[in-house]
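Structures incoming, each one as structure tokens.
Next, two complexes with subunit A in common: one pairs it with subunit B, the other with subunit C.
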Partner chain A sequence: MADPVKLTIDGREIHAAPGTLVIDAAKQNGIEVPAFCYYEGLTLQAACRMCLVEIEKTPKLQTACTVPVAEGMVVRTETPQVATARKYMLEFLLTNHPLDCPVCDKGGECELQDMTFRYGVGESRFTEEKVHTPEKQFSPVVFFDAPRCILCYRCVRVCDEGLGVKALGVINRGVVSEIAPNHGDHLECDECGACIDICPVGALTSGAYRYQTRPWEMTHVGTICTHCADGCKTTLGTRNDRILRGNNRDRSGVNGEFLCIKGRYGFDFYDHPERLQAPLLRVNGKLEEVSWAQALNAVAQKFNQTLADGGTFGVIGSNHTSNEENFYLQKFAREVLRTNHIDHHRTGDVVTLLDALSGKEGKLATVADLYERKAFLVLGADLALEHPLLSYQIRANYRHHQAHIYVVTPGAVREDHYSTVSLRGRDYASLRDKLKAESELVVLFDDSYKGDDVRKLVEFGESLGIPVKYIALVDYSNSRGAVDMGVAPELLPGYKPSGQPGMHYGEMRDANLGALWVVGANPLKNGAQRKAGFLVVQDMFLTETAQQADVVLPAASAYEKNGTVTNATGEVQRLKRGINTMGAKPDLEIMGFIAREMGAAAALGPWTPDAVFEQIRKNVRGYQVPLPVLMTGGAAQTMPVNGRIPVESRPDLVHSDHNGLFASGTLGRYSKVLNSVMESRLRR
Partner chain B sequence: MAEKIDILGAAGAIAKGLGVTFKEMMSPTVTENYPDEPPKFEERFRGSHILQRDENGMEKCVACFLCAAACPADCIYIEAAENTETTRISGGERYAKVYNIDYNRCIFCGYCVEACPTDAITHGHGFELASYNTSTLIKRKEDMLAPVPPGAHAPVIAAEEAAAH
Partner chain C sequence: MLYNEPSPLETRVLSRRFGKPNSASIDTYLADDGYKAFLKASKMKPEEIIEEVKASNLRGRGGAGFPTGMKWSFVPRNSPKPKYIVVNADESEPGTCKDRLLMEYDPHQLIEGILIAGLSVDAHAGYIYVRGEYRYLIEILDKALAEAYQKGWLGKNIQGTGFDFELYTHTGAGAYECGEESALLESLEGKRGVPRIRPPFPAVVGAFQCPTILNNVETYCAVPAIIRDGGKAFADLGVPKAGGTKLTCLTGHINKPGVYELPLGFPVLKLIEEVGGGIRNGKKLKAFIPGGSSCPILTAAECEGATMDYDSMASRKSMLGSGGVVVMDEDTCMVKAALRIMRFYAHESCGWCIPCREGTAWLRKLLTRFHQGMGTRTDIDLIGDVSRNMLGRTFCPLGDAAALPTISIVEKFRQEFEDHLDGKPCPFEHARHMVTV
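Let's turn to the complex of A and B:
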């Protein structure tokens, strides 16, 4: 790194890296320079003129957001001239800005409001009537109020640069210029809502959160999004056991402030009218609402009876439940139900990847790696739609560090716009010479590469002679954790071989089992008929599987429980309970109660998330993560195995749902917002 | 001799005392005949709250939550909702679907009135709040709303939603 530049800001001597902007240098040293249009990570605009500072030997005030530091520079941010300039700038910004803060959703967390209080004058000299135009609706989730807009261009830039969508622009000139959507009167975009979050005023507001409450009335709970496998942290704004919004303005978590439509709005399945809030028991062929005691008793009795009769059990686990629940479930199945018929829907070939990487350290990439490493090979997946965070990280990397991106996919993808090479098909081997010239590489592959394809891919990567890291893309919030926790017939937790035969997902669905226990999965969704003698389903909704069940136990969603989940890159993060929904219980608690009713709870240990996580830490290699990191909302990468996995990994069972931005398996059907945006119909 | 002086002194004292009594009998009374007669209030007496309407009968409250934020006793609970074409309750973009004041907690400090940007909440002169049951002390919006002014149209409420209000 080059020698730091020495400069003086407000009489303090400051060292900053060459190329640092004055506004950043000041911020790094605790000196605030107010700005609206400047936004870390986006291109410079210098539109708002709020960051004007005095720089010695320049005749006029300069914008601190565009001037890089220079040796011996003397900057003053608090002179009377600067203070006056800020006052007048705010007066200008407020010329047409309506003073409707009491009804504006941004009121209380508005940058213009804060700055006017801090730097502005109390009164305006303008007596002319303000320009007023009616509010517009760009999409079901984006509303635009033109007079409130201060034309900082943040939304335009974040949509173009951050998301690569370019759905927002500015039309007209001068006092009538305003933000406009890409399709005249409406937006067709990712509907991610980044423009709403980044807006410093209340010009862009969220259709879902609109007029629900005020920012200071909510409790903010940082938890992990329950949809795709990227593991974004979403901070839920809750009030009275209702989730009102999701965002991540504090930039905690692996995703910084990024969220897609699912993370920002897709929580709304929790209060869907069809949400189950009481256990259902089949009486005379019909499902009827019963008490928890009755339902749990019915399950325990039938399980004990099946055990006594020597019947076989099948257990199907979930891609959405927490690590603790998966661990407890497999332990329950193997130790209490004495069965090895346990599986979940596998969405990526993690097992073969870990086996192929045996004996090598540090071969799994993290989400942060996607922003820092120098070259990427994307195989199969349409990242922007299926893994929006990973795509966002790579895009930011390209913009900030000019990373090289190689795309080998079946169809055109968004990464093509800035890739070094884009190939259609699967012939990544032809890129050998180009990849060899890179200094390092991260390989991302989806379920179209499994079994021997993965081994060949790893062989190819290792033959390049450069450091290569891998990501096996999976579908759901805890798809990776389900494999790690051994929810598979051939594997125990931590990829130890079970050494016993067991039925897999499809076989259990079609076998004449004594009892089938389905936790948070929907194996009968394609119209299959149940074969098991007794079917217990734990789910949030009356899915196709639940409709055929003998007992349905209403489960809590990921936003209603504590625990941990592991994302596609193997980073384990903590779920925090945001709300309680009446009638529903976390899956772990339900399993614990069933164990207690069966008289088998002692063998399984306590069923609190913390206690089960302690068991995981003892039993699953790689999960000895530092607890302070986890407890403070951080992410810790796990490498649950480093050696051969001597099992047949069954790549034939790996099948991804390839959910786009507006779908999320069975869960996605119950989100109002995901189904309300027009793109969900156009892109299906 | 000394006895005569004592008697005269006592009579004088009685006369002086009765003098005050007779004088006060003639002057107007300070006490009020509550509850037989309605009590009189100073103009700015802070009694139970009134939620005001504008001249068109629309509720002035726009559910900005500033009264709840200002309240030191945390006694105001609000749920906001958006005005639509068919259901127009307030003059602004949104209105208070639920507006409760818990008079168990209210200390009648008047901060809510100070905070209100639309002069929607004011202190009335109601003071007969005593109750044997604290649950009756939680007043709902309907208990506090001012009547629709004569000649004004009542707020527009769609038929299917009317049941909810």
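Let's turn to the complex of A and C:
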């Protein structure tokens, strides 16, 4: 790196890397220069003029957000001239501002309020009529109140540069300039809410959150989004056991401030009117609400009886439940129910990838790698729709570091706009020479590459002569964790062989089992008829599977429990309980109670998340992650095996749901926000 | 037919062919030694062309007065990127109406200037960005371009010189701000017409991210004469630090309004009295705008001894600007003049930055109310204060352009503001002849 530049800011001699903007150099040294339009990572605007500072030898005040540091530069940020400029800039901003702070969603966390408090004048000399325009709804999610807008263009830029969508623009000019959709009167966009989140004032608001609360009345809980496998950290704003908001303003987690619509608004399924809040027991052919005691007792009795009768058990686990729940469930199945008939819906061929990489270190890419590495090969997936965060990271990498992106997909994808090469089909091998010329590579592939395809792909990657890392794309928040935890007939936790492989998902669905226990899955969703003699379902909703059950146990959502999940890139993160929903219990607790009722609890050990995670740490290779990292909301990558996996992987069982932006398997059907977006598209 | 009778006091270099029959056609242009300067330049080294332009002391005629030769020398001629020549024909500064004549009467002179600029920086494409309201000029220009292509003065291997040049016209959509060079480039690229952050300047990163020469129409039109007769001959027409002639647009309460080509350094009072035939109806001079509404206004007293050049105007804390002179007589209400000017800037502010967007709108409302007799004494200082809060703090010079004349009017004609206080009707309303700019 080039030598640092020496300059003086407010009398302090400081050093900064060449090219650093004065505003950043100041910030790195604890000197705040106020700014509205400057936003780290987005293009420069020099529009708000809040950051004006004095720079010696330049006659006019300069915008600290556009001027790079220079050797010997002398900057002053606190002179009377600067203070005056800030004061009157705010006076200008407030001339046409409605000052409706008492009813504005942003009141209390508004940058304009804070700035006025800190730098403003106490009174306004503006006595003319203000410009007013009525509020507009741009989309099911996005509302816009133009008078509050300060025209910092953050929303326009985050949508264009951050999301690659370009749905927002500016119309008119002068004092009636207004942010507006680029397509007539509505947004054609990802509905991600990034524009709302980044708005420093209350101009852009969300249909989900507006007028629900004052910000300071909420409690904030950082947890992990339960939808796709990217594993975004989301900070839930909760009040009285209700989730009112999801965002990640503190930029912690693998995603920084990014969230897609599902993470930002799709939590609302928890509150769906059809949410189960009491156990159901089939009495005379009909499901009836019963007490937890009755329901647990019914399950325990039947399980014990099936055991006694030598009947067979089948257990279907989930892509959404925590590692602890999956670990406990497979242990329950194997040690108490004495069966290897345990599986989950596999959405990517992780097993073959890990096997193919055996003996190698540092081969799995992290979410951070997607922003940092120099070249990418995207195979099969439409990342922007199926893996919004991963797509966002690669896009940011392209914008900031001009990363090279190679796309080999069946159809057009958003990455085509900035890819080095885009091919339709599967012929990635034709890119060999180009890829060999790269200094490093990350390969992402979806479920259209499995089994031998994956082995060939790894062979190809390893033959390029450059460092290559891989990501096997999977669908859901804990798809990866489910395999790691051994919720599979042929594998124990940590990819150890189970000895005698049991039935897989589809076989269990279609077999005449003595008892089938389904935790957070919906195997009968396509109209299949239940075959098992006894069916227990743990779920949030009366799914197609639950409707055919003998006992339905209302489960807590990811936002209502503690634990850990592992994302597509193998990074373990912590779920933290945000709220409680009356009547529902975390799956782990339900399993623990069943064990206790059966008299089998002792064998399985305590069923608190922390205790089970300790067992995972002891039993699953790679999960010895540093606890402080997890406890403080960080992510730790795991490589859960590093040797051959001595069982046949089952590529035939791998099927991704290919959920787009507004779908999330069965769960998505219960989200009001996702449905409203889908419906608005149908109406178009 | 010409818009106005020429004055015997003119030095007609750029306008030498105005009024001749068919002056816009390539045939008459060639007959009048047209394109000879291009042929001459095609045999010169690029540095020699630029040296000649430097020697002419030509300064940009679009308003800022930046030395043209120096600007051209900033273009990295050896950059592997294509280079562009862009013509600022957005002519929107109130009081300014000269570029239209240059394009209407002598479009080939402009094309020739563009070609020479192209030679000097190894550019092979150019754009003439014409304000949307000048629709009729597009026809004239397009016809001239077609003729030039047809006769081999544009296109591939021009007249066997081996030099290729493609030239296009492009219309604006009616925004004053698109005359500001970087906003013009944005607009040319099909984007919203808001300015760019500078540096980098257009010479290095201009149209389509490539090195670009961007000048006013009149600036390019001076180039053929400079090459033909030599830079020194052109420089000698003017005053030491500003060479040549300037097309001066005489507007306002004047007997003979029109566009006159005068050497730089021409005395202001002589301009009004002799070129313009004096003030209408024998009235007295009250105020004088030297070069478009963006310049601080001069009082009659300040016009004494003033000359039309950069230094003389700078010493009076004003500017030569674009050549749009506005003469205001004793019946002019200066509050209303300030209001009229501010209405223009409030309407034209692009809205990009806070101080200009909010400041011009505020001042327009304030001045409207004030002129209607509903002002208060504190409003007078407020008008100046709000203007000063814009000054020097906006993203582009439009904010300054709005602030400067306003500040000068409040400071120099404060009494007229006092006369509007206490609900009194405008003391000039009987006169009823507002300057129309």
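Here is the rule we use: the second predicted complex is superposed on the first by the 677 of 684 C-alpha atoms of A that agree within 3 Å, B and C clash if a C-alpha of one lies under 4 Å from a C-alpha of the other, contacts with A are read in each partner's own complex, and residues count from 1 in each chain.
Throughout what follows, contacts are C-beta pairs under 8 Å (C-beta built on N, C-alpha and C of every residue); 3 or more make two chains touch, one makes a residue touch a chain.
Keep in mind that this is a model prediction, so the values were computed, not measured.
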Partner chain(s) touched by A:D452 [first = subunit B, second = subunit C, both, neither]: neither
Which of subunit B and subunit C A:V103 touches, first, second, both or neither: first
Contact breadth on subunit A, by residue count: subunit C or subunit B: C
A:E40 touches, of subunit B and subunit C: first, second, both or neither? neither
Contacts of A:M89 with subunit B and subunit C, given as first, second, both or neither: second
Partner chain(s) touched by A:R214 [first = subunit B, second = subunit C, both, neither]: first
Footprint of subunit A on subunit C - complex, ascending: 175, 177, 192, 197, 346-355, 357-362, 365-366, 369, 382, 385, 389, 392-395
Residues of subunit B touching subunit A in the complex: 62-66, 68-69, 80-82, 92-94, 117-118
Interface residues, subunit A side, partner subunit C - complex: 44-50, 52, 60-61, 66, 85, 88-89, 91-93, 95-96, 125-126, 128-129, 131, 150-151, 169-170, 172-177
Complex contacts: residues of subunit A adjacent to subunit B: 100-103, 107, 210-214, 216-217
